[in-house]
Every structure is written in structure tokens, then in C-alpha cells.
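Look at the two complexes coming up: subunit A is in both, with subunit B in one and subunit C in the other.
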Partner chain A sequence: MKWLTPLGKTIVNILLLMFSLSAVFPIIWMLYSSFKTQKEFTLNTISLPETWQFSNYIEAIQVGKLHEYFFNSVYISLSSVFLIILLGFIIAYMIARFSFPGRKVIYILFMFGMLIPIHGLLVPIFIEFKNVGLLNKPYTLILPYVAFGLPIVIFLFESFIKQIPKEIDEAAIMDGCTTFQVIFKIIFPIASPVIATAVILSFLTAWNEFPFALVLIQDEALRTLPVGLTNFNGQYTVNYPQMMAAMSITVLPVLLIYLAFYKKIIQGMTAGSVKG
Partner chain B sequence: MKAFILKFTLFVAIVSLLTACGSGDDNATGSENQGGDDVSISLMHYYNKELGEPAPTAQLEKLDEFAANNPDVTINQEIQSHDNYETKVKTLAAGDELPDVFLIKGSMTQQFLENEQVMNLDEFLNENDGWQDQFIDGTLTPFQVDGSAYGVPISGGATHIVYYNQAIFDEVGIEAFPATWDEFLAAIDTLNENDVTPIALGNKGKWVLNSSYLSTLGNRYTGDEWFDNILANNGEAAFTDQPFIDALSAINQLADRDAFNENMNSIDNSEQQALYMNGKAAMFIEGDWAAGSISSNAPEEVLENTHVAIFPAIDDAGGNQNTVSGGGGWAYAINADVTGEKLEAIKDMIYHLTNEEAGKLILEKGQMPAIKVSGTEDMELGRLTREILELLEDNKYVPIYDTILEPALIEEMNNNMQVMVIGQVTPEKAAENIQKVYSK
Partner chain C sequence: MKTKSAIKPRNSKIYLYLLPGLAIYAFVVLVPLVMALRYSFFDWSGGPNMDFIGLDNFVALIQDDVFWQSFRNNLFIIIMSIIGQVGIAFLIAVLLTRSWVKWKQFHRTVIFIPNVLAAVIIGFLWSMIYNHDYGLLNYSLNAAGLESWISPWLDDPSIVMASVTIPIVWQFIGFYLIIFMSAMQNIPDELYEAAKIDGATSWKQTWHITMPMLKSTFRVAIMLCIAGNMKVFDHIFVMTGGGPGSSSTVMAQYAYDVSFNRFELGYGSAVSIGMLALSLGLILISQIIGRGEKE
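Coming up: the complex of A and B.
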């Protein structure tokens, strides 16, 4: 940045400041709007609240049944992420390191998964789940989430593992590692940046997922947060402040996960994207 | 590759085996509930107690009442939010997993009937003395196919009501709501001269212009028969007919005179209400449901000056002029597979939810019921609700286009009107585009 004049620096900084404000403002707006009354919000969407309505949060939890759905969402998202990472890593390792007949076919089949729009599969999967009797179970949602989460994760892992020198594996085996130990004691730690990316990606998808959660679950006790958030939409009215309060509660875990992993993500983003 | 094909075949075989087992299970559960005194009914709806919307709250109260009066009947409710309900009911229909009782929209009737998933309700509607005749004209129509009814409507309000602020009218020198279309246009010019937005429009959701403008204007120009012909698809009516083009032109005329706010395509219907409530616009046009949110959210000085009207009579239009688009929004439908004792219990329940008593409760909460209610003079109603009720007494319901026509056609109409009001297509061209989709 030495080549910039002080004036140039100021301009760059102002531009960057405006950019980050535009990214941060929606969250700030959501936070303070969640304390307004419905009337205040309707009359002026941007103004600060006149009196702080903490009761919005209590009502939001009651209307959206957030206390029930929060647990479901956490349980389903975490189980999905665990399975996606575990399965994805083993599969990617096998595809990247071993050559066997049908290796390419398997890889391409997984990649095809990224091409299919979820909405196109909604009804077929509903009918299939109904026939097999998988609807409305505590584990119902984990199955499609893992299936749809695997392709991108395998893609990331496979290209990352390929970059790790084979000699590391060989050295480990010489020292007496089993294949299992090579995967989880040697390669897994080396791949931690890309794993952080994969964790975030798959957690976000599972946490936000809506169509399957709506269609495959009938039992109210098994619903997840995104479906609960729509409880604030009536036929003709939307209670925005309550909805904002509910959303503030909902984004909290996402922010926490992001803060916990963000250093690694930035490494992982560049690591996974470029091949060779 | 050979090994792969072998494995794949094996996989398919296993899946179909599982499928066979699954459907076997289903039949076993389906034969329950025969004999025995206790009946359990599954019901899916979108009523949310906490939101306090008029008709849903009334229905929930009536449901509780029915459950209390009939201890031997268990009602298993699956509650979805309104937006999700439609997706859900369509998916359940595709999987043939519909509950015993569910809500349908007019536009769903035809398809559900073709799939044999809804029951013919003609007999049921005649079982209780004169019940069928108690429904307000036009509220049953969306749920009828070939003269037979497949749904019992709940609320039946108008989708076209002009809410106007008398105080703003007074300020600019308009004494009363215009009585003719020409006066209406003149009033718009006057308001523009005084820098007030004449009509707040939020058409981001695209349905406002269709439900609240075109359905009424269309009937004013085309008359009733034209729409019947369109529905019958008998080749005697087309969207390129001059009267329909005139109806589109009437909306275009409003846009040309700058009757709307400039950002009409980027704000939604709740934001059009906000413009009005802030006193920045003299009118907005929406259904009777908007009265509720005006009553609870508008500042005092706007609320007390708010009155309601409908589009004034149009001189050179060929249809009836005392018409308002309206009728049933949602209706109860019964699963075609239900029989015996359960069916009787369901009929009792639906009657309890939609008879005159239930209609009274809906009206008291502030929405227009689908059934005629007598003795409204003695009821305690909100001021706007009463004004709307009186307004509707003199006017006849005509079909709401977008609750009856096919989704693809509605989509085309909505898209064309959205670009028409910003001057990108002419009414003639828009009519042509709509006709193209219709004649497919």
C-alpha cells in the first residue's frame, strides 16, 4: 500500500467502509427492528425503536415455538455435518489415492448430485419416503441432507487430498499405520483448512434448509427452525418485529460457528478451489 | 462396468422390495376406524392463533367448541403457515397422502377433482335445510365444477375495496368520492397538482393489480358471460376481445396519469398500506382484509378519516357497474376416501365451522363471511367493517381472476400488467401475450 498517496488511501478506505457497512447493516437493522412494535415498523421501517420491546423475544419464542425447533435444528444439522464430513472424507480419500475400476464413474456420479435442483426432487423423494416408511421420523431429514451435502464436500476434499504428497502416506505406512490411521491421524489434520470450509458449508445448508423440512415432516414436534420462522406470516399480515426477533435468535449459532472457524475458512477457500 | 451394472440392478431390486413392503403397511392402517365409537379426524389448515387474523381465529374458536361438544371425536390438526400450506397440500396430493379434511383454493378444485381426491358435496350442502342457498352469491362458484360443489367456503370478502382519506380529499377540494370514472380521473389530476400520490400501489407481489384492480374492471367491461366462456374454453371469448383490452387500458390510463407512486413494482402490498398510513397517498386499493391492519396500525388522524368505496361506474363499459370482485378464498374439502361414521362426524364439523353462527363470529372479528348473516344491525362491529359490509350489500360479487384461472395463465397476466404500468407493453400487446398462453 506504500504506493498510495494519503488521499488515495482515504478514498480506498471510504469505499471499503461503505462496502462493509452494506454487508453489516442488514444484521444491525434486524437486531434493532426486533425491538420495535408492529405499528412503529409499519410506519417507518428504518427508524430506531422508540421504546425497547423486549417482549417481542418472549412472544417470538412462543409463536414460532422456537424452543422446540431450536433443539431439532441443532440435532439435525450437527448429525448431518458429522456424517457428511466422515463419509465425504473417506470417499474422497479413496477416490484421490486409489485407482480401481469404476473410480471415475463413482466420482462423476457424486458430481452429478450438484447439478440436480432440489425442488425438482421434492415430490419424488416425498413419494419414495412415504413408500419406504421414512416420513416423520427423528432421523428423516438427516438422510437427504447428507445425500445432498456430499457432492460439494467430496469435490473439495478430493482436490485437496490430491495436492498432499503421496510420500506422506507412504512414510506413515512404513511406520506401521493402518489405512484408517493414515486417513484420520495423518491426512485429516493436514486437511483441516478445507475441513473447516466443508463444516461451515454443510452446516449452513442443513441449518437453512427449508423445502425438505416442510414436506417430509408432519409432526410438529419434529419441525426445524426455518419452518418455524414462517409462523409469523399470516394470510394477509406479517408480524415483522417478532419475525426479526426470531431471526436474531436463529442466526446466533451460525455467527458462532463462523467466528470459531473463520481463520481456517479463508485458507480453505483458496486451498480447495485451485487444482494442482 | 459390468460389475457396476450388476450392482445397480441389485440396488433397484432392493428399493422396489422396500417399496412393496411400505405400501403393504399403508393398507393396514387405512382399514382402521371401522366400527367402534371413537372417531378421529385428520385436518390440515393454516390457522395461527397468535397472529390474531379474523377468520382463522373465528375458525379455531369454533373448532374448540365442536371438540368440546363432541368428546367422542378426536381432531388431529396439522397446522402450517399460510404460505407453506399451499406447497404442502400440493405435495401431499401428489403423494396421495391428503388428510381427511383440508382447505382448497378455487384454482385447485379442477386438479384435485381430476385426481379423484375431493368428494362431491352437493348432497351434503342440501342436507341441512336451505344451507346451500344461504351462501352469498358467487362464494361457492370457485369450488364448483360442472355445477357440482367440492368445497365449503369460509370467508368471502371482496378483493377490491378503495380505501380513501377524506381529509386529504378535503384539502385539495374534492368533496366526495367521485361518482363516475371521468370524475375519478379528474380527482387523480387534482391530487397530482397538489403533490399528493393519488393511489399507493405496491405490486411487487404481482397479484395486487390482478386481484384488486383487473378482476373488477374486467367484469365491468366484459360482463359475466365473457368470463364463463373463457372458463368453458368454447372459443366464444378471447383475451384479445375489445372489452378486455379496454379493461387493461383503464389500468394503463391510471398509470399514464401518474396515479401511482413511482416505485410501485418494488414495494409490496403492506408497503402500499404504509404509504397510505403515513398520509403520503390519498387512496390505496386492496381487499377487505386490509381494513384489519389499517384499524390496528394506522395513526388516529388517518384512521378516523378513512372511508371505503369501489371503482365508480364507467360510462362506456358494457357490463354491470355495481360489481366487485370477491367470493370464497379458501374452502373445506373432504378427502374422497372417507366413508361411514367418520364422514358423518366430518360433515357435522364442517357445518359447525361454516353455518350462520360461525359466519357471525367471523364478521364480529372483522372479516366478511361466505354465508349471509342476518341481524347485522344489532351487532357490534368495527366502523370500517360495517362500512364495507354496507358497501357490499349493494354490489354483486364477480369472479376473482387469479383464484380461478390456471396458474400459468395468471402468471402471464401478472407479468404483463407489471410491465404495462411502466409503459413497456401496450394493453393490446399484453392482451395478445395473455391470449397466447390461454390458447396453448
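Coming up: the complex of A and C.
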């Protein structure tokens, strides 16, 4: 007995296709509209640009200084990722391999970090950073990004390292490796698949982060892209195509990374939740 | 369990290795958490004058209508997300197991895309979609001959919560879709084969096999909905800033307004503590209810 007629199946297929397209169409609309003039856009919201012109991008950079925000975002994100992976891997290794007093507590403390809504810490962290003079420094944002990035990465690394046989470490020690060498010369390369996932995930999180970048940085020259966009929006509220050009600059690196690594991203983003 | 092994370094050495990461984590997460508790007992606008006022901030918080309104708005978003994200994602995940559904890989890849974009981008994008003169939404309504449906989507207090919730739900459906899809792969095929032999239709199999087998996945998904939407901020900050009035304020937005627009850092800390307590409370309750169902 068939529940759906062939016609019904076709309709469901079409509905599903429409749903999928609705997930990307706004993004595609943003990308092509960024090549339209303001006038073209107001005349017809949805049409393709008559001539594909780059003036919105040029102005976003010349007037909106988007390249400065872009550089800041790249620098902050990459530094954070480097530290998250380095520190996270060491911690995960120690927790996975050895028993020592406080091991459980440390692990639980980090896992607690995945649970609490970090936005509740926005105000207290601002006060703390203000008190110790850490606001508006080139490295200000790296601290919270590393702290918020560590829990998920430690979780991913720890469960991976546990599955690597201990004999490998022992053999390396016998051959005269130090602990540091065992971690980074022997285990790190073996863990490269999960490290790749962790790198991409931490990068995306840092690149997209908004509230802490908004609150901890007031200096124009240190702003990252998401906050830069809100400035940009304040100055050019009416000029949608130009705003869309600025948004496209922010989105393009993410889209390219997604298209290149979507399997790893999907795996990594859901790994924590499925196992948990 | 004590494992004596040749490779284990001295404990002091282990702590030395752990120190840098732990120090940053403690400085950013643990210390502020404790300090927030302290500040919440003071009347303080960030200057040198800090007046200890005991529990006054919390008494004010309990009587603060805007705070509870923002909490209700968070709850609204959570409920809509559980219905919208978990519901739609599960439906699509089930459809994607059917042999007659086409372009499976395409659907999976495409529906996940909004998930990787910055919430700020989603917020701006949907402000544009909702724009009165040039927005996609009103354009489509016009084209469909539904001019009478056109509304000030983000400026009408009675519909603004629905308007800001849709993009939030929309952005994360892909995430839950993937969770359900990978959980479904872990259901043994034998169960379905046995059901097929017994003559169960595919929808009966979904109801009697897939749904019960995914109970723990549903529980995790609902918990993630709660945890994720208690901290929602970026979308709303960009789309409405909590307005008009305070009609679309959420707790994180309210803590931000109190602290950085009104400069009441003491009260802002109390709002933050309230937000943390309510979030952890809700997560705990959902876990307990989930556990109870299991047994």
C-alpha cells in the first residue's frame, strides 16, 4: 500500500526544493544586488544588475574602510585559532592520558563553559577588562575568543586522543622524546583530521563573533568586521547595495571555507551535540 | 584508577602544561562570574563611587517589568524554535530518508549554509527583506497580489516578535537537520526490515520506530534550543535594538542597554546574574523532565 500518489511525491519534492532555495536565496540576492546601483535597486528590488559594477565595493573600502576591519578580523581570528588549538591540544592530551589530582574538576569546568550562556558574562567581562586596563588593545578580543573556544575543542581532542593507543607515546618516550615532543611531533599529526575540524570551527566562531567585539573595543581602528558593519549601516542606511557589498565582503571568506570543507564543518558542528 | 606508566610526567609538570589555558579560561569565564555576583550588590555606574545596597538590585530586578518582558520574549523564541527548528528539521530529515525524494545531497548542503554565517549578517539581511519599500517580502506580497498583507514588520510592536523570530529559526534549521540525520543513521536497519515484513507503511515506521529511537536526540535538540536562545542577541540588536519601545527586547539586549546605555553597571550585573540563573534553571528543568520521560 502506498501512502503517497506519484503526484503527491512530486509536490513534496517541489516543496522541499522551494524550502532549500529559500535558505540560500536571500544570500544570493545579497551577492548579486551588491553589484547594482542604488537607483537600479530602488527601481526593482529583485532584478539582476544591468551592468555588473564594482563601485559599491570600491566605496565600501575607500569610504567605509572595510579593508581595515577585514584585516583586524583576519588577525584576531587567526591568532585566536592558533592559541585555541595549541592550548586546547595540550590540555586535552593531559586529561586524556594521565590521572592527576584535579583532572575531573578541570574537565568539568571546561564542559561547564559549553553550557553557560556566555552573553551573561558580557557585562562582568567588560568591567573586569576595564579595571585591569585590557579594553581597546590589539589583543583584547583574543582572550575571550580563546576562552570560549577552548571547551568544544578540548571535548573534540580529548575524545580523539583517548582512542590513540598509549603504546605510541611509550615508544616515543623510550626513544628519548620529551613530553612536549610526544604531544606535538607524534600525537598532533595523528590527530590531524580532528584538528582540521577544530581549526575551521574556531575560525568561523571568531570571525562571526559580535557582542564582545562590540563592547570590549571602542577604538575605530581595532574594530572587526561584524561591528564595522553596524557602523557602516549607521552611515549609509539608505544605500542598500553598498551595505550589501560590505556584507558580501564579510560573508565571502565564510562561504568559500564552507564550500571547500562542508563535510568537516557539518561533522564538527554537530559532533558535540550528538555525543552529548 | 591509578595507572603507573613509564610515560607519565610529574604532576607539577602536568600543571605547568595546563596553566596557560586554564589561566585564560579562569580570567575570562570564572573570575567574571564571581565578580558579577559581587557587583550585583552595589549601586555603581562605573566610576569610583560604589554604594553597597545589599539585595536592592535583585529586589528591583524581580519587580522590573522590562526584565520579565525580555525573559518572556526569550521564552517565545525558545518555543518557536522548538516547534520550528526541531519540528521542520525532523520532518525534512524523515523525508530525506525516503527513496523517492530527489537531490538529497543538495538539500543537506544548502539548508546548512545560513548556519555558518554571522548572526549579524542574518540580522542585516532580514532587515532588508523586511524593508517597507525595497524589501523582498513586500515585493513578493505585491507580486502575489497580497498588498493588504503588507505590514511594518519591524515597527509594529504587536508583530515584531514574530518578525525577529523567523530569521533566528530559519538560520539554524540546518543544524538540527544534520543532528537528526546522523542520529537516524545509527538506527539499525533490521528494525525497519522487520516492520516492512509485518506490512507497516513507511509513515507508520517513522511513528513507531524512528521517533521512539530518537528520543535522546530530541532531548538534546530541545536543550540546545533552550541554551542557544537564552543568549540570543546579535539578530535582535541589529534588526530592532529591542524596539519599538522594549517590545522585542531579550535578556542579553536588556543587560546591554542597562549597562552601556544607562551606565548602571551594578544593576546590569544583577540582570546578567538573573539571566545566567534563569538559563541554567531552564536547562536543568528540561534535563530533569527529559530524564523522567526516559524511565
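In the analysis below, the second predicted complex is superposed on the first by the 209 of 276 C-alpha atoms of A that agree within 3 Å, B and C clash if a C-alpha of one lies under 4 Å from a C-alpha of the other, contacts with A are read in each partner's own complex, and residues count from 1 in each chain.
Keep in mind that, in the parts below, a contact is a pair of C-beta atoms (placed from the backbone, for glycine too) under 8 Å apart; a residue touches a chain by one contact, two chains touch by 3 or more.
Quick caveat: nothing in here was measured; it's all calculated off a predicted structure.
Trainee: Check the contacts made with subunit A and report whether subunit B or subunit C touches more of its residues.
Mentor: Partner touching more subunit A residues in the overlay: C.
Trainee: In the overlaid three-chain picture, which partner chain does A:P26 touch, first (subunit B) or second (subunit C), both, or neither?
Mentor: Second partner only, subunit C.
Trainee: Return first, second, both or neither, reflecting whether A:Y69 touches subunit B, subunit C, both chains, or no partner chain.
Mentor: Neither partner.
Trainee: Who does A:F155 touch here: subunit B (first), subunit C (second), both, or neither?
Mentor: neither
Trainee: Give one of first, second, both or neither to describe whether A:N231 is in contact with subunit B, with subunit C, with both, or with none.
Mentor: It touches subunit B, and subunit C stays clear.
Trainee: After superposition on the shared chain, which partner residues are touched by A:F261: those of subunit B (first), subunit C (second), both, or neither?
Mentor: Neither partner.
Trainee: Could you say whether A:Y57 touches subunit B, subunit C, both of them, or neither, answering first, second, both or neither?
Mentor: Neither partner.
Trainee: Kindly classify A:V105 by the partners it touches after superposition: subunit B alone (first), subunit C alone (second), both, or neither?
Mentor: first
Trainee: Touch test for A:N239: subunit B only (first), subunit C only (second), both, or neither?
Mentor: first
Trainee: Intersection of subunit A residues contacting subunit B with those contacting subunit C?
Mentor: Subunit A residues touching both partners: 42, 45, 101, 122-123, 126-128, 130, 211, 214-215, 230, 233.
Trainee: Using the touch definition from the top, list the residues of subunit B that touch subunit A in their complex.
Mentor: Residues 1, 3-4, 15, 18-19, 21-23, 25, 46, 48, 50-51, 53, 56, 78-84, 87-88, 91, 94-95, 97, 270, 273-274, 277-278, 287, 289-290, 292-293, 296-297, 299, 329.
Trainee: If you look only at subunit C, which of its residues touch subunit A in the complex?
Mentor: Of all residues in subunit C, those touching subunit A are 1-3, 5-9, 11, 13-15, 17-18, 20-22, 24-25, 27-33, 35-36, 39, 46, 92, 95, 100-103, 106-121, 124-126, 128-129, 131, 133-136, 139, 170, 173-175, 178-179, 182-183, 201-203, 217, 220-221, 224, 227, 230-231, 233-234, 237-238, 252, 255-256, 259-260, 265, 268-269, 271-273, 275-276, 279-280, 283.
Trainee: What does subunit A use to touch subunit B in their complex?
Mentor: Touching subunit B: residues 38-39, 42-45, 59, 62-63, 101-102, 105, 122-123, 126-128, 130-133, 211, 214-215, 218, 220, 227, 230-239 of subunit A.
Trainee: Would you pull the subunit A residues touching subunit C in the complex into a rising list?
Mentor: Contact set of subunit A toward subunit C: 1, 3-4, 9, 12-13, 16-17, 19-24, 26-27, 29-30, 41-42, 45-46, 83, 87-88, 90-91, 94, 97-101, 106, 109-110, 113, 115-128, 130, 143-144, 146-148, 150, 166, 169-170, 173-174, 179, 182, 204, 207-211, 214-215, 225-226, 229-230, 233, 240, 243-244, 247, 250-251, 254-255, 257-258, 262, 265-266, 269-270, 273-274, 276.
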